[in-house]
Amino acid sequence: MSAVMIKLIFIVVVFGVSLFVAMYSTYAERKIAAFLQDRLGPNRAGPFGILQPFADGIKLFFKEEFIPLKADRWLFLMGPGFFMITALMTSAVIPFGADFIHDGKTIALQATDINVGLLYIFGVVSLGVYGILIGGWASNNKFSLLGAIRAASQNISYELAMGMSIVALVMMTSTLSLREIVDQQAGWHWNVFYQPLGFLIFIICAFAETNRAPFDLPECETELVGGYHTEFSSMKLGFYLFAEYINMFISSAVLATLFFGGYQFPWVSSMDPGLTKTILSVVVMFGKIFFFIFLFMWVRWTLPRFRYDQLMNLGWKILIPLAVVNIVLTGAVILYKMM
Amino acid sequence: MGVIKLTDRIKVMERKPMSFMERIYLPAILKGMGITMSHFFKKKATISYPEEQRPMSEVFRGLHVLRRDEKGAERCTACGLCALACPAEAITMTAAERKRGEENLYREEKYASVYEINMLRCIFCGLCEEACPKAAIFLQNDKMAPASYEREDFIYGKDRLVEPFLLKQS
Amino acid sequence: MSSQIKMTETPPGIEGQGFFATSLDHVVGLARKNSIWPLPFATSCCGIEFMATMASHYDLGRFGAERLSFTPRQADLLMVMGTIAKKMGPVLRHVYEQMAEPRWVIAVGACASSGGIFDTYSVLQGIDRVIPVDVYVPGCPPRPEQIIDGILRIQDLIGNESVRRRNSEEYKKLMEEYMIK
Amino acid sequence: MALSHEEILAHIQAGCGDTAVVIPDSYGVVCVEVPTQQLFRLVNHLFKDQHFKFNILTDLCGVHYPEQKGKELGVVYHIQSMIHRAMIRIKVFAPIENPEIPSLTGIYAMANWMERETYDFFGIKFAGHPNLKRILNMDEMIDFPLRREFPLEDPFRQDKADYQFGR
Amino acid sequence: MRTNKEYIADFHNPDMPDIPYSTLNLGPTHPATHGIFQNVLKMDGERIVDAEQTVGYIHRAFEKIAERRPLYQITPLTDRLNYCSAPINNTGWHLAVEKLLGIQVPKRVDYMRVMIMELARISDHLICNSILGVDTGALTGFTYVYQYREKIYEIYEEICGARLTTNMGRIGGFERDFSPKVFELTKKFLVEFPKIWREFESLLSRNRIFMDRTIDTGPISVERALNYGFTGPNLRATGIDYDIRTADPYCSYEEFKFDIPVGTTGDTYDRFVVRNEEIWQSLSLVEQAIRKIEACEPGIYHADEDHYYLPPKKEVYRNMEALIYHFKIIMGEIEVPAGEVYRAVEGANGELGFYLVSDGGRSPYRLHFRRPCFIYYQAFPEMIRGQLLSDAIVVMSSLNVIAGELDA
């Protein structure tokens, strides 16, 4: 098997896994929400309701396609697709496990290890908001438009703080490659212990970037009915909802990679390379990812949401200055260590 | 804006300014998350309805039934008070004279040959039960009017309202 | 009018051509019935009982129906709960028209189904005068058990419905009768 | 600090002179009928007075008495003093041909919708109301449904068929 | 950078030049309008320039129906006014009729009424405050407290046989005595509920996100509130302790010990806090009521009025006189004096008044419901002018506008 083939297979697997995780995130969300609310949650579709995502998928697939008369037809179709593609693209640079060495060949569990991986993630994630913006604008509905505008301004504001929180991290790791960042965190040297403030800012921004509560203003039901996807039905809506869960999955993966040592875990990292290590590292990675997904949901079902101007205040007046302070502090510590 | 005092029972809810801990969001958030997490492992309150039934009170006002007396004769004497008392005007009836030989079927000399309740109109207020001087109409505490597909299904005639005779004996 | 409704509501599976037309129908029916996204069109009292149905004690989420979609485009089931006055009738109809196929309607409570005690100049005597209704739930307001009963009836209906029903002549005729689209 | 009826009546008479006709009421409320021209002056007087402080319009509603010729339509105001816990009931009447009564929206903001409701139900025109149009019923309606002669059920309605009701 | 307050001041300034605005339809079927009414908002971006409401979407002609029904059949109608607290409406109506007929009810009935009314007040405030949580995005608290609303429903069900539209009580008393289970359930509720309510309060009341959302949103001054005819918790939030329970006591409220919580600024947070505190007060009232009921002689649950209160069923079956009274009462042929009464009770939303004009006939000549929602909802545009769209939603749900009461 050529290297290209292996990569292709891997990419397909990653896509498949992202979709699968996203699918079951919807199920998990409903179950977790139910459990947090003293309910049982879906339990009729299959045992414990585990076929629920399939039911939703099939139902959405067979629902009537609907394009409002006054909508911009092409943009209306493009929005969800664009959102979905950008959501899926991000996973390309995330290392999902330790290298698998077989017959002397090294198979990296990462689609591609580019040396500006972090920048790539930022680039693609910020493209994602175009999907929302296009969809919301094209549907020619005031609620959608408001949602889209909210999404755009929210993403732009929080990207700044997010980027700045990463600057401090990069100053420390002096690399942009995700694989290297993960490798540096072997053992207990997780970045979260060195960059707690950076982590806090990053996770808040991650919530905002994925439009999750308490920052779910673009689609908050009680204010904007459905927000940017008010006019979407059928699979186009499915794409939006799905892509959101994929985004959540990717954000969790990035959080785990940058701050929680990715696939590293003290005992696992010190094992000999081999199949067991690879599998265990993948398990570790997904364990961390699931923890963060759970956190996302837990927070969503606990907190009230912000108001638009408060959101902006938090982003611009609190998080960005904090991120700057964090950079300065990190710089000072690095300088002190060098001296 | 001041407080106007009319009585001595007034209790002014002074607003405390936010403390620093409240200002930085996180403690309140973590506390809230603690509360929700404590419910995560709690016993669930849900009653899985079609399989489990929630116990209802003795006096619950459910589906109507037209009662029979101890001997199995219909109690209703078609006096029309229930129809009169019904705020929704959901009850219609036609009275008929009892004929010779029907004494075991109807308790009084008059009986309702047609007795219909429109369950879609009915608001289950229980006024008909209260109005009945013969304890003939009764709102069961364990049965509810079921949902159905057609509007015609909800006009309950005597066939569905009168208590089954055999059940009474056993 | 009502006899026409009866015709279309008959599950297509039981008339002619064996049991169920295809297994696709069956799978889609199963999927649809387990993923009903209701649009709560709650106007009055029954809306509060609907809240009770959504809340912990009754948990509509068990049937895969806890995702309320307040936008009609995404909803499968229009749950009309509460009095529909004549002023509201056109709005209700508009909402129904905006819903994407397949769509179902459930009239919860006496007011929505028949006007209930409000037999007055301003109240519509049953929403089936404006839009076709699939299931009626009696009660004023119905207990959550009865609302769940209604949802179960709708599930039966959905599970037995052919994927192509919405293109059939009967359905078109029904829509024409209500002058929808 | 309960006010006696005499005090209140004297206060009312200070507001509108001798035009107020006292209506006996067996339930302990001071009840007067005033001519329409005097209404605004009286209510304004009651509202402005700093001692009695009849400053709350509790309720406003219309009544229709078809047999009282020339005074068919009436509006009943309940005005309360929060400090003294006293209530005055003021009635004004207008003929059905031209039911015009001064609006109190200039004094009480809450009178706005209440007057619109009364207009909607009885067709009483409130002179000086900023936005007098129907509020509860449809704009297209021509009748005034709470007049006595109006039937509870619209006789021309098309949306109700007896066969569906088991009647 | 300008603050929110400066913006709001701008929009209230009559000299402000006209700004180009866009319109946004909030309702009639918007998720935040619990019940159905429409707000046409004029928006400048996310800021509200002005609003205009359209109501009447569930106008059901209560007052017209009431003119055609005997007195006792109006009780089911009042259920549907403010359906979140039906027993208060029922009792209010019965009080109005009793005032007209001149019926004196025994003390025990008074206490029983206090008990159910305060339970109803708890259930109403509970739903209002938890829905405020839902509208700000915190759904979970709602599901916690709703479980306890179900407990209140259980009590109702034990008393009268229905959950929401209770049709509870009769003219002159109750339809039946409270069973021992009622007291048992209520006592259990009094023990369990405070814990969950404290939990709910700690989820929201000192959470900065929630405080930021609600403080200074939709404030109204005492003067404007009075001018707009505010009553109930919304008025008390502005800082005046006006409460019908003390201003014009009914049902022996003067014998009970309770405080009237008032706010200071009349904003959404104050309304939330006042309602919270009223729930605590109501809990203590329920407890006092139970103690007072237990101190009374058991078995009295209605006034001894043969002419107006139905005779016991057993008598009806045997006694001719009882049967005659039974027929007379059910047919509505009771002797009603001609006269006019106004009786108000402190409903969950404010002063719920019944203006009943009787000409001696079997049904009221005219019955006007003073519906608090209908009156104070007028103030909505003034309260939200210059604020953000999100504020409008929060203000709306904290006003607790209930469509059934709004449109009647």
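By written order: A, B, C, D and E. Residues from 1 in each chain.
Quick note on the criterion: a residue touches a chain if its C-beta (ideal position, glycine included) is under 8 Å from a C-beta of that chain, and two chains touch if they have at least 3 such contacts.
Quick caveat, the model's predicted, so the values are computed rather than measured.
In this structure, the chain pairs D-E and C-D differ in their number of contacting C-beta pairs, and the larger number is found at D-E. Legend note: the chain whose CA centroid lies nearest the centroid of all displayed protein CA atoms is E. Chain centres here are Cα means. That of chain A falls 49 Å from that of chain B. Work out the mean CA point of chain B and of chain C, and you get 23 Å between them. Averaged Cα coordinates give chain C a centre that lies 31 Å from the centre of chain E. Per-chain CA centroids place chain B at a distance of 38 Å from chain D. The set of chain A residues touching two or more other chains comprises 33, 36-40, 221, 225, 301-303. Counting partner chains per residue, chain C shows two or more touched chains at residues 2, 55-57, 59, 62, 68, 70, 87, 114-115, 117, 119-122, 126, 140, 143. The residues of chain D that reach two or more other chains are 82, 136-138, 145, 150, 152, 164-165, listed in rising order. By the touch criterion stated above, chain B contacts chain A in their complex at residues 29, 32-33, 35-37, 39-40, 42, 44-46, 48. Residue ranges on chain A touching chain C, taken from their complex, read 30, 33-34, 37-45, 49, 51-52, 54-59, 62-66, 221, 225-226, 229-234, 237.
The touching residues of chain C, when paired with chain E in their complex, are 41-45, 47-49, 51-52, 55-57, 68, 70, 82-85, 87-88, 91, 95, 117-123, 140-141, 143. Those residues of chain D whose C-beta lies close enough to touch chain C in the complex are 136-138, 145, 150-154, 157, 159-160, 164-165. Taken together, the chain E residues at the contact with chain A in this complex read 4, 22, 24-25, 30-32, 46, 133-140, 143-144, 147, 203-204, 207, 209-210, 212-213, 388-391, 393.
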